[in-house]
Amino acid sequence: MSNTKNVQAAVAYHAGNVNVDELPWVPYFGDAKFKLLKVNPVTGQNITLLYVPAKMQLPAHFHPGQVIVYTVQGSWRYLEEPWISKPGDMVFEPAGSTHTPTAVGDEDVITFNIVEGTLDYLGENGEIIARDNWESFLKRYLDYCEAEGIEPVDVTAF
Amino acid sequence: MSNTKNVQAAVAYHAGNVNVDELPWVPYFGDAKFKLLKVNPVTGQNITLLYVPAKMQLPAHFHPGQVIVYTVQGSWRYLEEPWISKPGDMVFEPAGSTHTPTAVGDEDVITFNIVEGTLDYLGENGEIIARDNWESFLKRYLDYCEAEGIEPVDVTAF
Amino acid sequence: MSNTKNVQAAVAYHAGNVNVDELPWVPYFGDAKFKLLKVNPVTGQNITLLYVPAKMQLPAHFHPGQVIVYTVQGSWRYLEEPWISKPGDMVFEPAGSTHTPTAVGDEDVITFNIVEGTLDYLGENGEIIARDNWESFLKRYLDYCEAEGIEPVDVTAF
Amino acid sequence: MSNTKNVQAAVAYHAGNVNVDELPWVPYFGDAKFKLLKVNPVTGQNITLLYVPAKMQLPAHFHPGQVIVYTVQGSWRYLEEPWISKPGDMVFEPAGSTHTPTAVGDEDVITFNIVEGTLDYLGENGEIIARDNWESFLKRYLDYCEAEGIEPVDVTAF
């Protein structure tokens, strides 16, 4: 592995603050947008803020790993579940769950999301038609920065 | 392992919402308080909201595992670091970091915290004088519920 | 979540030994077989022994999460990589890697595998044609036990 | 965080094989020795082979995080548990467990160990008297290499 570098050297040995104001909202589905806060290319953990306009529904997806969602603003639910998540609530998703997010109420929704692995978007027969992971979120972010002339933050630094 | 039970049976196969209004603020250090949202006794992951009054400083501590903090309200810093974290920011703490949290500014601080393992509180010579983990947070929560006559939520259910 | 049970109650607070002799080799691809040692339905972690006959090649697959492989017996490689792994070696696979395992040499291969999430088997155009995770491995194991009249071990107990 | 580097750049995007023959046995407690295979300074995960002479007992210790042990050679137990682990068996240790390892039988023991976080060695009253984690294992390994004139492998590369 002579072409690899040292993760020890890449770690600051210090807690780092991600200043949310330095990160752009990157277009996602329709008018939904995300901010990419941190990705870990070793474990696949990816951490985002997600913005979803009031009443918008996102595509159904499957998670191979665990997901934690903290609701920052607005209310939302999964079509498959009986609850509604409101600001201050946390949603815990065990590995292997499938669901369809939708914003409810009149307020736009913002969530803070910690995903282990991928989001696998599903077609009508449950087949995987698209996926997002640390690498695709990073590409979307860097492509957007390049198109908009924004200097990207290194979200892979620790 | 005939005395153990089945985690498969314990998992709902569904994402669950933790309703923050159903959880009490449990006294922690001085006027600091926490809400315990979820603990995983297999991995040691513990998820809390932490309330720290304006200007309060918490004890220095070490983390054997990784920590993610999302700042909900107020501003805070670690005495050892140059940054200030404000609402919407995220702090990422690699395993093995040590620091002393303090609230800054006039507003009380609330953070959402995902800790892998323990917080090891340190004495003047760096020795470990106390620790919190999934088990001690759970005990603090259940003891408080019993003393106050509150029906506890099962924060170990998935 | 009134229909869920308590993971705290499901955890023995003790280290448990998985006796490999109590677990059958379950047919997998062709003459390849696996023993399922443990699955965690919350995190998606699945732990197996994999037996691959000498010179057999397995299908190409993608991992959304991290994988650790310890080589117990025989030698093997990924078609995409320059190294050969022999007994006592460990292979570390960062999240998002894709590869095609093949046994090399004259000896049958046995590996000990810790997978976070899924194995996504890929078709000729990189599309996902099948996947295995904690749930499908568990189903394969339980179905085999039922067909063979074997009393299954509860590999979801901690 | 201008003094940190890029973990993305540090990741090979490929599975890597750790050749066990390139790693020395590093002295640990008494005649016990370890080989350090990989450490992750972000998550604190540390992966080792441990050699324990027949009949040797190691100090009692606590784990804040989860541990997986695969028994390669010899038989061993924890004084606190009823089972004996033999070659091919796996021991799963939930976060927060405490135990005292001892080799049993006439054969020297070798185990493959994946530890999330630290080993906290305990004194007679349960106080923490020493600890090992990714950083201390790495220091022990690098110090030994320097003392013996061995070129170290970069066990933090991915």
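All chains are identified by letter, namely A, B, C and D, in their written order; residue positions are counted from 1 within each chain.
Heads up, the rule we're going with is that contacts are C-beta pairs under 8 Å (C-beta built on N, C-alpha and C of every residue); 3 or more make two chains touch, one makes a residue touch a chain.
Computed from a predicted model, the values in this text were never measured in an experiment.
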{"item": "Chains touching both chain A and chain C, listed by label", "value": "B, D"}
{"item": "Most distant chain from chain A, judged by the mean position of its C-alpha atoms", "value": "D"}
{"item": "Chain B and chain D: spacing of chain centres that average the CA atoms, whole Å", "value": "28"}
{"item": "Intercentroid distance (Cα basis), chain C paired with chain B, Å", "value": "33"}
{"item": "Distance from chain D to chain C - Cα centre to Cα centre, in angstrom", "value": "22"}
{"item": "Overlap residues in chain B, where contacts from two or more other chains coincide", "value": "11-14, 16, 40-43, 94, 96, 158"}
{"item": "Chain contact topology (line, ring, star, complete or other)", "value": "complete"}
{"item": "For the chain B and chain A complex, residues of the former touching the latter", "value": "11-21, 37-38, 47, 49, 67-68, 70, 72, 78, 80-81, 83-85, 88-94, 96-97, 99, 112, 114, 158"}
{"item": "Chain B partner contacts - residues on chain D that touch it in the complex", "value": "40-45, 64-66, 94-96, 116-118, 120, 127-128, 131, 133-135"}
{"item": "Touching residues on chain C, where the partner in the complex is chain B", "value": "1, 3-13, 16, 39-43, 138, 154, 156-158"}
